[in-house]
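In the two complexes below, subunit A is the common chain; its partner is subunit B in one and subunit C in the other.
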Partner chain A sequence: MDVFIAQIINGLSQGSIYVLLVTAFNLMLLVARIIQFAYPQFVVLAMYASWLVLEKSGNVILAALAAIAVSVLLNLLSEPIFRRINNIEKIDINASFVASMGLSMIIVEIMSHSINNGFPVSFPDYWTGENIIDFNYINIGRGELAALLGGIILVALFFYLLYHTHYGRVFRAIAEDRKTAKKVGLPILKSNLLSYLIAGILGGIIAILFSMFLGSASPWLGETVALKVLAVSITAGLGNLTGGLYVGLGLGILESLAIGYFSGSWSDVIAFLLMLVVVLSKPQGLFGAALE
Partner chain B sequence: MSDNLLEIKNMELKYGSIRAVKGIDLSLKKGEIVSLIGSNGAGKSSLLKGIMNIEKKSGKVIFKDKDITKLSTEKIVSRGISIIPEGHLIFSSMSVWENLQLGHYQGNNKIDIKNIYEYFPILEERKEQKAGTLSGGEQQMLSIGRALLAGPELILVDEPSLGLAPQVVNNIFKIMKRLNEEGYTILLAEQNVKRSLELADRAYVLKTGEIIKEGSASQMKVKKWMYL
Partner chain C sequence: MSYFIGYTLIYILMTWSIYLPYRVKDLHFLNVAIMAVTAYFSAVAAVNWGWPFYLVLITAIFIGIIISFVISKVIGDVPTFTVVIVGITFIFIVKTIIENSDYLGGTMGFFAIPFLDHPLIIMGGITLFFAYILYMLNHSQIGKAASVIFSDKKMAHSLGINVKNIGRLFQTISSAMAGSAGVLYAYFTGSLFPDFFSFHLVGTLMTILFIGGYTTMWGVIPAAILLGGVPVFLPSAVSSWKILIYGVLLVAVILINPEGIITKKMLWKLKNKFIS
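This part shows the complex of A and B:
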């Protein structure tokens, strides 16, 4: 029972990270109409930024700010590239996917050549933290708790923004019917830019939580995570924010239980097999795609 | 300072190789209702889309003596022109209140949602309801309400009667009359010639993207058989 509880808590923490990633991914998909495959790479690069600052100064606040700054910068710098593909007149989601894969590969190469000689980096203990709860098999670290609480708070804030603020309403209107939004003069380009900014801030915070949770980062981490984020989004229903929440948490728990009861190396296979079954039986995803 | 609130000079609008609007000149004075009459494909909607920059066009659009030809739709709305698009377009997954709010934040907040509820009490009754569950007529009212909340001086109305029951059309035209009496200038594109001329001060008759006739609505009524 202890193993089960420990793995569920761990899974919820891991799932919170997926939920945050898929939420930002879906936001850009719904508002800017891009499949931003490079987004998890931006997050990993932001993790590297905080690691570099920690190495140089040991200052956790500076490291956290560096993660947010790098993530915001990368997302905003990618906006003009995607604006060339998707502007107010034309939309090409497939081209955005290819462009983001290109960006993703460039970032992997930068990380594997330029930072720590391409070796994975390890975050110091004062960043990841000690176990807060240590009872039999149940060990809850600061990183796990931070990921779980951070996930809950950020998702709650995001949904508040979406349903209770002016820009949230504009986002939802554009997501529902971009053509009508354009006809009635809603600020599409400004909203696109804002979605990149929000994804950037969110990405920085995800980088902090993810590095606290994992305690390490490698140049290839982003690719695996990007595949999972894409799979979660498709399994939930492309662009379905609520669906992403459930499936993201579900994937975290599933992987964690697979690690607990089978073998860590099989966790991805089990998770992807289940998602394959879902997509084959429900091509629009478990909760229905928000985009046609 | 010109008398005209809106002036269009030599507007051309193409869809690929098809010229939907062919060098149209048109003007509207403050407080007028001007009707664009013509059959399907005459270029009425394209002309309105050209004014709002929803579709790319050439020529000039002057509003309140300022050149707005190259402004984005969003900027044009904030300058004081709203469009009520064809097909009562609303955001169906959002509530009535949220749809109205979208208009409210676009403009200068000259009017309040309460004013819209005075025009259309049914919208207040259904403010929490998803807009997609409204009837066609109610959706059209919502579309008008959203456009008004942007605080326009000029309203472009594209085929307001399309697909609506006669009784509902009566209400919509009554509302437009009232809006005009309250100072709004209206450019109306409508296939229903009779209804349109009853409401308008002046009219332009369009055929295959060109103006073939213009004059006061009363003159047009006499010869309306010519254009039906």
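This part shows the complex of A and C:
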């Protein structure tokens, strides 16, 4: 029973990270109309930025700011690329997927060549923290708690922004019907930029939480995470923000239980297999796709 | 040089196996999993069972077709990104099974696969055979129907085109290509490692397809030569950054000419020029 409880807690923390990633991914999908496959790579590069600052200065506040700054910068720099792709006639969402695969390849190569000679990096103990709860098999570290609480607070803030602010209404209107939104004079470009900015800030915070939770990062981390984020978004229903919450948390718990009861290498297979069964039985996703 | 030609032929075959289902807008990464299955099958059949090459090849193609047919029958006509998830899932499944199987060499790899006597002639012949099939398919009624599906799936349905069957046919033929590519890869390299059959391979194939051009089968050839040539012909200081070069080229092509370097329109103009 202890193992089960420990894995559930761990899964909720891991799931919170997935939820944040999927939320940012879906935001860009709905507002900017792109499949941003490179987004998790941006997050991993932001994790590396915080590691570099920690190595040089040991200052946690500077490291956190570096993660946010790098994530915001990367997201804003990618905006003109995706805007141009979306402006080309007869271009569908697949083009943004392919372009973001290209961006993803560039980032992985930079990380695997230029930082720590391509070896995975380990975050220091003062960043990841000691165990807060240590009872039989139930060990809850500061990273796990931070991921869980951070996830809840950020998602709550995001949904508040979406449903109780002026910009949230604009985002929803654009997501609903982009052409009409443009006709009635809603600021499409400004909203696009804002969605990248929000995704960038979220990405930076995810990088902090993820590095605290995992305690390490590698150049190839983003690739597996990117595949999972895409799978969660499709399983929930492309662009379905609420669905992303449930499926992201579900994936975290499922993976964690699979690691607890099976060999670690099978956890990805089990998770993907289950998501596959769902998308085959409901091709529009469990909660319905917001976009076709 | 023979190393470069051999790899280029394998990449051409594999990229065509992604190109063909993309004619109806399906991104079938399942073929990477099929390539892994047939590569390991041929390794076991050749080393442990002593099967001759052509028997291995025919059986592997058959295995690829069966896997693909069954899966495409189960998934039916689903959105593009659902097909992507199907492919990724099977890549994970196959890779994990191989990594956890001592019989297949696990993560350490499978060695001592016999080399062919004239590998490049056999590989060239198989590539030409599939090029012929692709050419005939593209110039048939089915090829035209596929173009309609690519432009507008709803319109294709309205015109009475059987979208599901054409998709299934294309996926089945492409799995035969992937099956052959797996066998050729095993016999050409003499050793197999599960890490090769991962999402990295998907990235390379997508790069070749989208840089070369996805509107025609011919774009794949110069793109495979060009990209395959990066590690062979450029100095090691530059070629060690090959993935970065691929990524930059991919983004640049999507921005400048999203249909790729070789397009249907370009070939049409060239053809008219030659005729006149």
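Here is the rule we use: the second predicted complex is superposed on the first by the 287 of 292 C-alpha atoms of A that agree within 3 Å, B and C clash if a C-alpha of one lies under 4 Å from a C-alpha of the other, contacts with A are read in each partner's own complex, and residues count from 1 in each chain.
By definition in this document, contacts are C-beta pairs under 8 Å (C-beta built on N, C-alpha and C of every residue); 3 or more make two chains touch, one makes a residue touch a chain.
Bear in mind the structure is a predicted one, so any value in this text is a computation, not a measurement.
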Counting only touches as set out at the top, which of subunit B and subunit C does A:185 meet: first, second, both, neither? first
Let me test your reading of the model: by the given contact rule, A:159 touches which partner, first (subunit B), second (subunit C), both or neither? neither
So, A:246: does it touch subunit B (first), subunit C (second), both, or neither? neither
Going by the contact rule set out at the top, does A:84 touch subunit B (first), subunit C (second), both, or neither? second
In the overlaid three-chain picture, which partner chain does A:94 touch, first (subunit B) or second (subunit C), both, or neither? second
Of subunit B and subunit C, which one touches more of subunit A's residues? C
In the superposed arrangement, which partner chain does A:173 touch: subunit B (first), subunit C (second), both, or neither? first
By the touch definition above, which subunit A residues appear in both interfaces, subunit B in one complex and subunit C in the other? 88
Subunit A partner, complex, touching residues on subunit B are 49, 52, 54, 72-74, 76-78, 82-83, 85, 89-94, 98, 101-103, 105-106, 146-147, 150
Footprint of subunit A on subunit C - complex, ascending: 25, 27, 74-75, 78-82, 84-86, 88-89, 92-93, 96, 99-100, 199, 203, 206-207, 210, 240-241, 243-244, 246-251, 254-255, 258
Using the touch definition from the top, list the residues of subunit A that touch subunit C in their complex. 35, 81, 84-85, 88, 91, 94-95, 98-99, 101-106, 108-110, 113, 223, 227, 230-231, 234-235, 238, 263, 265-266, 268-269, 272-273, 275-276, 279-280, 283-284, 289, 292
Of all residues in subunit A, those that touch subunit B in their complex: 88, 166, 169-170, 172-173, 176-177, 180-190
